[in-house]
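The two complexes that follow have chain A in common; it is paired with chain B in the first and with chain C in the second.
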Partner chain A sequence: MSQRPAILVLKNLTKSFGKFNAVDGVDLDIADGEFFTIVGPSGSGKTTMIRMLAGMEPATSGDIILRGERINDVPANRRPTCMVFQSLALFPHRTVGENIEFPLKIRGVPPAARKEKALALLRQLRLPESYYGKSVLKCSGGERQRVALARALAFDPEILFFDEPLSAIDYKLRKTLEKELKDIHRETGKTFIYITHSLEEAMVMSDRIGVMRAGKLVQVGTPNEIYSAPRDKFVSEFMGDVNVIPVSLAGGKLISASFDRSFTPPGLPDGFASGHLVIRPEYMRFLDSPDDAENSLSGRLYNEYALGSRIQYQIRAGDHVFIVEKLRQQAPALDLDQSVLIGWDAKDSVLVRD
Partner chain B sequence: MAGFRNALPLIIFLAIGFAAPLLAVIGYSFMPERSFGLLHPPTLENYAAIFNGNSYISFGWSLLLAVLTVAFLALICYPIAYGLARVFGPWAPVITLLFTIPLFVSENVRLYGWLLFFIKNGVLLGTLKSVFGLELESWLFTRPMILLGMVYVYVPFMLFPMTLGVSMVPNETREAALDLGATRWQVFREVELPLSMPGIVIGFLLTFVLAVGAIAEAKILGGQTVIPITHDIEIAFTYAQNWPLGAALAVLLMLVVGILVLFVLRRFDLDAVLGRR
Partner chain C sequence: MEGMSRSGRHALIWAWTIAVLVFLYIPGLCIFLASLTASRYFQFPIQRWGLDWWRKTFDSIEVHQLFKTSISIALAVMVIAVVIAFFGALAFARYNWKGRSIYQKLVLLPIFFPQSVLGLALLLWFNAIGLELSWKTAVFAHLVWIIPVVTLVISIQVYSFDPALEEAAFDLGATRWQVLREVTLPVLLPGIVSGSLFAFLLSWGNFPLSLFTTGADTTIPEYLYAKMVAGYTPGVPVLGTVSTLGAALLLLGGYWLIAMRRRQKNSREGS
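Up next is the complex of A and B:
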């Protein structure tokens, strides 16, 4: 990824509303052809960021550089980029075909060539050609998604932006569309910049992910890097259910005040003083004896939940609730309130700063 | 059946309050000249008199003035409606209120206000004369003055539906069109105008129907330079004491307006532009 040239470079990009910085000094290089996802909770500034990149919101300071050219002052209609909106923003008074052809009509492409392109895009997006004359209002949610994507592709942009287009779609269809979008990314080879509040969605599709919090990019990396080496507690918790134990360093040992004991760390970062020990639920194990793992704790089973292919156990140990997940085939049968011994190896945990 | 029972009071009310007077007018239009009862044998002589006479001039003026009023209102109100819906922000309600307040004063009173403003030695000309020594002819009792009065009176009836129409356009469709390369003009033509069409068409219809029935502007500001059809109808019912002729004129006016409105409604299928197809 890194050897490909950068198509979009952001330098100290900032957007202020009064004294509040919605986007706060973001530096980022996005490679040509990359599927990059910016993920963050609502209010983290990700929508403001993508609107600046698309040219719908002026940047307060910093640079947006597209292929070596500063485009801060280029209006949206002259940027070779295109956005798929959260609301999709289809033109309700137009048919599917007219929606897709819109950018071509604007450019003065003759009707016959427009129609040919629109029909090709319908095929590419797995919509029947008969939809060409159909009103967009008669299309289902998933079909509208595809029409919106087809319209953006008809523009033939250098970069496609996506502003949470799948957030209003039910789970099953969303999963299908996520995969389709990744296929389209592969087929077109275009740069996709996607924003979402779901790290799970980001994981499925992206080459790289940038996690955003309070206007700053807190971590940028491949899905695997973000998953296995979260930089801080925020990123690790954003991934979903994780076990987090507050710890501090005292006398060369990693001490947990709440458990009044020390844990074996996965290796201490330089200058670490205090932070959190993060263990993913699937790395937690049920033990027969405390010697079976480098760290162990005893607790009681509070409840268990069936998550499809996995079973999730909630174990109360002291004031903490630990989450343990096992594949259904490997899940032990436990009684409620049964005493259990849980543990993990140091290499399966991550030490993060606050 | 319960639906009918519940709707019955309203049906009776509309039958008495709306249908009955209309039917009476239609009935009178077929009565002999200058008769006051509805029991004479029906005749077409009133309609024959109208088609042989020169009422078409009044019809023409009424329709022309109404069309011009609608055209000027469209040009004047669209920018204001756009401003109210999108630009003025917190000032929009204030400006809306300023446009609404004149509605609380009777139309005739406002027109007499204009009369005092424009009359010889009145507010405008009197001031010009005493301050600058300028002596100008009054513009009162001219045809443009009638048009000015009509445009002035019907501004709210065009402005408010139009504002509603413009504010119905989702902002993201504008942004999407811009993002897809459209110029500002193309965004207006391809997205804003068609999507605000329901409000615009309602404004057109409302002001056209009102303007075609206007009478006070021509009387007060026009000084009878122009006799609109409504004035003819009034004369027939009052001075001339010829109810059947007045009724026949009224029926013809309703027919003309009705046909035009139906034509427009068919052209701009409101349901379709509102997205209910």
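Up next is the complex of A and C:
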């Protein structure tokens, strides 16, 4: 990824509403052809960010540089970028074909060429050509997604922005569309910049992910880096269920006050004083004896949940509730309130600062 | 409820519905019947039936002039009111701006003024600035009362308008003008059509504002009133009937237009 030239460079990009910085000094390079996803909870500034990049919201300060050219003052209709909106914003008074052809019509492309392009896009997006004359109001949720994407592709943008277009779609269809979108990205080779509040969704599709919090990008990395080496507690918890133990360094040892004991760390970062020890639930193991893992704790089974291919166990140890996940085939049969020994090896844990 | 059978309740609902309909439409029917008399006077039951007064009314040059005046006012009001109210409705319901909530209240206030007071106030004002009263001043007077109504009617459509549609069109390369022509206007068209109908019909039937502001010109409602006060002929119910039928026809026309549009859309889907 890093060998490819940057298509979009953000320098100290800031958007203020009064004294509040919705986007706060973001620096970022996005490579040509990359699928980059910005994830963050609602209110983290991700929507404001993408609206600035698309030209729908003026930046307060900083630079947006597209292929070496500062485009802060270029309005949205003159930028070679295009957005798929959360509401999709399909024109309700027009047919599927007319929606897809809209950017071509604006550009003055003759009707025959427009239609040819629209039909090609319908094929590319696995929609029947007969949909050309169909009212968009009569399309299903998934079909509307594809029409919106086809319309954006008809514009032939250098960068495609996506503002949580899948958030209103049911789980099963969403999973299908996520994969389709990744396929389309591969086929077109265009740069995709996607925003979502779901890190899981980001993981499926992205080359790189930027995690946003309170207007700042707190971590940028590949899905694997974000998953296995979260920079802080916020990022680690954003991925869903995770075990977090507050720890501090005392006398060269990693001490947990709540358990009144020390844990073996995965290696101490320079200057570490206090933070959290993070262990993913699938790295937690049930032990026969405390010697089977570098760190162990005893607790009782509080409850268990079947999560499709996996079983999740909630284990109470002291004031903490630990989460352990096992593949269904490898899941032990446990009774409620049964005493269990759980543990993990230091290499499977991550030490993050506050 | 216990004591009444299902069919009994059903019959009661029907009876009530019909009673309401009779109550609403009998007066209109009476006007029509009153126009069918051959006699000179207003008399029920009608002694001798005839269409004489219909012929006489349609032959009258005075009546032609009345229609011309009323239609001129209503058409001018419709066009001006819709243009102003369209942009007014965008400010009312589409954009968030600092004075919006005060604007929303101020713009609707004229609807609640007693129209005769509003008419008098406008008359005084026209006199003060030295405007000669004619059908043109009546247009202005009607606008004061009708623009708020049309703004409200179009606003209802604007409220259900997704602003992202405009952003999407702009983002896809359209100029502001193209966005308006290709997206905003067509999507809001049903609201604009019903706003136009409201504007025309409210002006067409308006009496109190016209009374004060038409000067030497006379509209149909003014004429009807004047004739009722002095010089009644069965030409009055004739004109009343025609005026009502005209309004009904316009409404049906509007309905037909919307139905045609819908059918056109459906047939396009079939292709």
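What we mean here is this: the second predicted complex is superposed on the first by the 354 of 354 C-alpha atoms of A that agree within 3 Å, B and C clash if a C-alpha of one lies under 4 Å from a C-alpha of the other, contacts with A are read in each partner's own complex, and residues count from 1 in each chain.
The definition used in the following text is that a residue touches a chain if its C-beta (ideal position, glycine included) is under 8 Å from a C-beta of that chain, and two chains touch if they have at least 3 such contacts.
Everything quoted here is computed from the prediction, not taken from an experiment.
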Kindly say whether there is room for both chain B and chain C on chain A in the superposition, answering fit or clash.
clash
Would you sort A:F155 into first (chain B), second (chain C), both or neither based on which partner it touches?
both
A:H320 in the overlay: touching chain B, chain C, both, or neither? Say first, second, both or neither.
neither
Is A:M56 touching anything from chain B or chain C once the two structures are fitted on A? First, second, both or neither.
both
Please indicate which partner A:R231 is in contact with in the superposed arrangement: first for chain B, second for chain C, both, or neither.
neither
Quick one: is A:K134 in contact with chain B, with chain C, with both, or with neither? Answer first, second, both or neither.
second
Looking at A:T95 after the superposition, I want to know if it touches chain B, chain C, both of them or none. Which is it: first, second, both, neither?
second
Touching A:F85, do we find chain B (first), chain C (second), both, or neither?
both
Between chain B (first) and chain C (second), which does A:H197 come into contact with in this model arrangement: first, second, both, or neither?
neither
Quick check on the superposed pair: does A:P103 touch chain B, chain C, both, or neither? Answer first, second, both or neither.
both
Using the superposition on A, tell me which residues of chain A are in contact with chain B and, in the other complex, with chain C.
54-56, 75-78, 81-83, 85, 87, 89, 91-93, 102-103, 106-107, 135, 151-152, 155
Counting only contacts in the complex, chain A reaches chain C at residues 54-56, 75-78, 81-83, 85-87, 89, 91-93, 95, 102-103, 106-107, 133-135, 138, 151-152, 155
Can you check the complex and tell me which residues of chain A touch chain B?
54-56, 75-79, 81-83, 85, 87, 89-93, 102-103, 105-107, 135, 137, 151-152, 155
Spell out the residues on chain C that touch chain A in their complex, using ranges where they run on.
162, 164-165, 167-175, 178, 182-183, 186-187, 189, 265, 268-271
Could you pull out which chain B residues touch chain A in their complex?
170, 172-173, 175-183, 186, 190-191, 194-195, 273, 275, 277
